[in-house]
Amino acid sequence: ADDVTLQLKWVTQAQFAGYYVALENGYYADEDLNVTIKPGGPDIAPVQVLMGGGADVMIDWMPSALAAREQGAPVVNIAQPFKSSGMMLTCRKDTGITGPADFPGKTLGVWFFGNEYPFLSWMSTLGIGTDGGDDGVTVLKQGFNVDPILQGQADCVSTMTYNEYWQIIDAGLTADDLVTFKYEDQGVATLEDGLYVIEERLDDPAFVDQMTRFVRASMKGWKWAEENPEKAAMIVLDNDETGAQTEHHQIRMMGEIAKLTAGSNGALDPADYERTVSTLMSGGSDPVITAVPEGAWTHVITDAALN
Amino acid sequence: MTWIVFALVSWAVGYWANYKLANSALRQTRLVKLAVPMIFGVTVMAVWEGMVRGLDVPHVILPPPSAIAERFAGSLPVLWVDFVQTFVKGALSGYVIGCGAAFLVAVLIDRSPFLQRGLLPVGNFIAALPIVGTAPILVMWFGFDWQSKAAVVVAMVFFPVLVNTVQGLTATDRMQRDLMATYSASYWQTLTKLRLPAAMPAVFNGLKIATTLALIGAIVAEFFGSPIKGMGFRISTEVGKLGLDMVWAEITVAALAGSAFYGAVALLEKGVTFWHPSQRG
Amino acid sequence: MRSFLPILTVVTAIVVFWYGAAVWMNAKWAQDQAVRAGVELSIPELVADTWSQERPRLPAPHQVVVELWNTTADMALQGRAMSKRSLIFHGWITLSATLLGFVMGTGAGILLAVGIVYYRVMDMSVMPWAIASQTIPILAIAPMIIVVLNSVGIQGLIPKAIISAYLSFFPVVVGMVKGLRSPSSDQLDLLRTYNATPNATFWKLRLPSSTPYLFTSLKIGMAASLVGAIVGELPTGAVRGLGARMLTGSYYGQTIQIWSALFAAAILAAILVGAIGLAERSILKRMGMSQ
Amino acid sequence: MRNAPVIEAKDLNLTFETNDGPVHALKGVTLTIDKGDFVSFIGPSGCGKTTFLRVVAALEHPTAGSITVNGMSPDDARRRRAYGYVFQAAGLYPWRSIRDNIRLPLEIMGFPKSEQDTQIDRVLDLVDLRGFGKKFPWQLSGGMQQRASIARALAFDANLLLMDEPFGALDEIVRDHLNEQLLHLWGSTDKTIGFVTHSIPEAVYLSTKIVVMSPRPGRITDVIESTLPRERPLDIRDTPEFLEIAHRVREGLRAGHAYDDE
Amino acid sequence: MRNAPVIEAKDLNLTFETNDGPVHALKGVTLTIDKGDFVSFIGPSGCGKTTFLRVVAALEHPTAGSITVNGMSPDDARRRRAYGYVFQAAGLYPWRSIRDNIRLPLEIMGFPKSEQDTQIDRVLDLVDLRGFGKKFPWQLSGGMQQRASIARALAFDANLLLMDEPFGALDEIVRDHLNEQLLHLWGSTDKTIGFVTHSIPEAVYLSTKIVVMSPRPGRITDVIESTLPRERPLDIRDTPEFLEIAHRVREGLRAGHAYDDE
């Protein structure tokens, strides 16, 4: 069997259910693959791991993948299981925020580490400065949890539809206490969890073949997970070595994730790609990428895998 | 290949130069004392540059010193803003508060052996709490700006300084104390004229340890939430953007600032404890 | 033993203060919740609530103790000591990296100290850089170390141990340089009158007289190793170990979990440092160096 | 004024409790020291000389018996700053210059600044250290340090001087010189001095009264009143009278001495 | 064998470079020590006694002049382990028992284990410390420690013994006792001894030759050949001959003494 190592972008959770399902249900084995899944975390730049040879394929968000490409790390999108973005800004209603027009003067929590780009282009399309002041917003580099909104240190925080939002709910606030702004609705959505490899390795037919089988099995895993959310969540839990995840939360997350993968057969939709690129290039004074990337994606793998 | 040869040659030359200098008749001069570590540092840089280029290490993994220097020179305003945020506001204020509080507490509990016997083991236990764990908690408590960084620094430096000061306050010998007793000196007289001066070498030991802790604490705490400036903020975001040259530029600032801070405290120590055998050379 | 009562007093004082602080820090949330639910909290209800929240700003001591018990002793009793939810399991992971890192760090530290004491070149060139190395934020370069080692095929325990060694070598260098230089010029002159070789001087004078310094450094080094192992756990995906528990606790706002992992780490440190202290006592006693 | 008792000890006992059992440092010590006396204590190591001086200075407290200093308890006497104490080692504070070391008791006792300086100048002259006031202790030889510590004890002009082997670390010539100076000071001021030494000639040369002690338990075995005049040139040490007293002291010492442990 | 020179120093100079300028520790020192001599060095603090002994032991090197030990350079002599050195402080290693402290030079010089033990037993007897071999230094009194350090220097039976104020810290009675023992050892073995002391009676009692030194710069001001017999009971110290020599030494000392700083 061929060894393949997959580097995740975040810790083991239902966000990556498809891959764990493919592993546990033997879809990878059926394709004669021996897959290792490496969890990620806030200190891990998947691109670095890929470049360092620690993984063959990684899951990343397109903004940071394209930024890395400009920095001289030639990564290529080979598949895009996530069709829509799950990112949103969640605000407390009692701050008086009802729409983007109310943002000036407020404090917003944003994830950095490559996740700040969509936010920055959103603000620049709104014409709101990000350096504080009365007509700009004060930006905080948000940690890995939702404390800032619970503790009242921020008026809004970044959340994912499938995770942090529910943590706020679990903590005791209700949906009625909150206002959410989905990036999809704001027209600044960028592509999230896609599969990326190093460009030059695609010159090797054996590697292309491995990836083809890998993507095929992974997509099979995703479809199974969408249809069996509870079982998929349990598989994820079994693979969580930290022992920190709860069943309830993972089942719910799986349900939300299914909404994001729905509509993707795994192949990247060039229109989504174009939209992501134009969002990133409009990033105000300091755009994420300065030139339209060339060859940042390929359909070679998905074409082969999905036929 | 030429780069690898360059690295090896630099290493050989640097080593040879230092060997000659360190064993020369001039080795006691101030110039040589400065030159030797400098040459060592330059040699390390040259070997690094040569190896990175020679072995074709991708820049997103380890940039060569030349790229770091270039980035450093080109980003001075940003580096300065980060430095002020992290070092001046976070580390320095935390250092002053933490060391000051530790010193005061040490003097206060000094009168009660009971408290000392109870507080020191507990203090050592609390000091063993890994900072990485306390940083997110303190960020939650004290907010995102420099106050939480200062709090982390306070937590980090408090116990080393406390323990050293308490220990230092016991550093008098019996005869020195008896002398005070023969003068029927009061507690405060004994404290200010005997025990505090005698404690200074130990206190400075703590203060020196605390300098390196302070900077690390402030930077690490920024990983757990910060405004959009600061050395830790920059490092963590630039890693995400694979701006490794910027990351190393910040690390350089940290190393420079940390060493200078340490050096300043060491200088102060020299002034205050000039009388101690270790300072008399 | 004579320290028992003072420690008990201090601990009691801390616990009382802690309970008070828990009320103070968690009250706002309790009140907010009450307002949202449209109920009025009496004082006892408020206090009870602040001591039993699921995600408190500051968990009450008993919450931490219960969590610690549930994830250690209770699991061990059920025979699941090595389950992923058991702190014993995670503690063991951290412990193994700590011990390996400690051995590597102290080994390197002692060698470096010997080099500094015996070779003037090293003495003059290395020390400033050793100090500078400690001002580098380890959390920033830990991921790079992991990635670089990964690219040469080293992963698992070793990278974590290397980070932990990086943190522990410095106190050992400083302490041992001091220790190896502690023999007085009289003691050194004595050996010169015997025309002793540098080798004999090391084994018969410098090493034995540095023993007290060695143990002090070992204690600091051990605590530093533990911190290093925990830091090293974060960029490896933070999947196992006490560091991972703290981090995932932090992702999900599980303050109780953070606190219990913190205490587990501190207890581990206390045990390790205590063990060195015991060794120190018996060895120094055998060497006749403690009165 | 002469002959009013400055120190009056009756049946003094002092036992230290140690891990190896009790140590009888003083046993049944009865002694009267009159105003203007120069009393030397001599005896083998560990016989309790230092301990006795410390009891007088209220640095230790007897487990039995009674002692008065200037008619009051040693603690009260200490509070009135009745005595100056010179320790065996100089014990100067290394962070203070010689002047400031001598200033220390004056600061503590609240002398006005101007008087501090006159006193310091006076005692620096007395011990031949004028010009060294600005130096730090470690910049001086052992003998000079010892003289500075004597100056420190003299600075506040107490009437009782307790000196514990003050010249132990000095060479014979310097010692002779300081002995002469001390005699001179004593002769010209009317101070009472308690003086511990290991040297028989020193004891005989200086004292009006020599107390010979023996150890385990620390007892007084002999009190020898000196027949020498108060005025003593250095070569008095070659007179038969001197040698006679020295001989008596040596005999007393040897009697109390055990070789198995010294 | 007698009278072959063991140490021959010609016009020895030694200058230390210090921050405050050069210190002339030895200046034009010329001295011959014959086999079997017992030579005492006496002089005020800082006159270069220790420095001279250290030059002989090749622990310092002269800046001018020549010196031979057993006809070779001090360094060569050291390499042949020609001498035993007793330092002013006992300097026992606290982590070694008394036996093991005495064993130290034997280990370093590579004596076989069995011989080590016989030698240790021999010297322990010699200094009256049999039965204390297993103790650690801090379990012994100062005098016993000093004797152990002498035993250590005697263990490998060097023909030249250099002793730097070995009895400085002891009380007079113990000192007398050890003086007797040392004379006895010297009389029974034919060793050559270089001995530094501050005590005039000690120097006169022990030596065949007394070297009086004076400081700044360190010079030899007098060399006094003793007329006392080799066999010396303790009470020889009361004889006029003894007092006469002692007087001469004292005069020599006083001449070279400067009071401003000792």
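Just so it is clear, A, B, C, D and E label the chains in written order, and each chain counts residues from 1 on its own.
Quick note on the criterion: a contact is a pair of C-beta atoms (placed from the backbone, for glycine too) under 8 Å apart; a residue touches a chain by one contact, two chains touch by 3 or more.
Note that this is a predicted model, so its numbers are computed, not measured.
Under the contact definition, chain A and chain D share the contacting chains B. Looking at contacts between chains, the pair that accounts for the most C-beta pairs is B-C.
Here the spacing of chain C and chain D, counted between their Cα centres, is 53 Å.
One inter-chain figure worth recording: chain A and chain C are separated by 35 Å, centre to centre, where each centre is the mean of the chain's CA atoms.
Work out the mean CA point of chain A and of chain B, and you get 38 Å between them. Computed from the mean C-alpha positions, the centre of chain D lies at a distance of 31 Å from the centre of chain E. For chain C, the set of residues that touch two or more other chains comprises 57, 139, 143-144, 147-148, 151, 234, 250.
Within chain A, residues 42-43, 45, 48, 51-52, 143-145, 147, 151 each touch two or more of the remaining chains.
Residues of chain B found to touch two or more other chains are 61, 136, 140, 223-224, 236, 239. Listed by label, the pairs of touching chains are A-B, A-C, B-C, B-D, C-E, D-E.
The part of chain C that touches chain A in the complex is made up of residues 29, 33, 36, 54-55, 57, 83-86, 90, 139, 142-144, 147-148, 150-151, 155, 234-235, 237-240, 244-245, 247-254, 257. Those residues of chain E that touch chain C in the shared complex are 54, 57-59, 78-79, 81, 83-85, 87, 89, 91, 93-97, 104-105, 107-109, 136-138.
Chain B contributes residues 175-176, 178-185, 189, 193-194, 197-198, 200, 273-277, 280 to its touches with chain D in the complex. Across the interface of their complex, chain E is touched by residues 44-46, 128, 141-144, 170-174, 177, 198-200, 238, 243, 253-254, 257, 259, 261-262 of chain D. Remark: chain C residues 2-3, 5-11, 14, 25, 57-58, 120-121, 123-129, 131-141, 143-144, 147-148, 151, 223, 226-227, 230-231, 234, 242-243, 246, 250, 255, 258-259, 261-263, 265-266, 269-270, 273 touch chain B in the complex.
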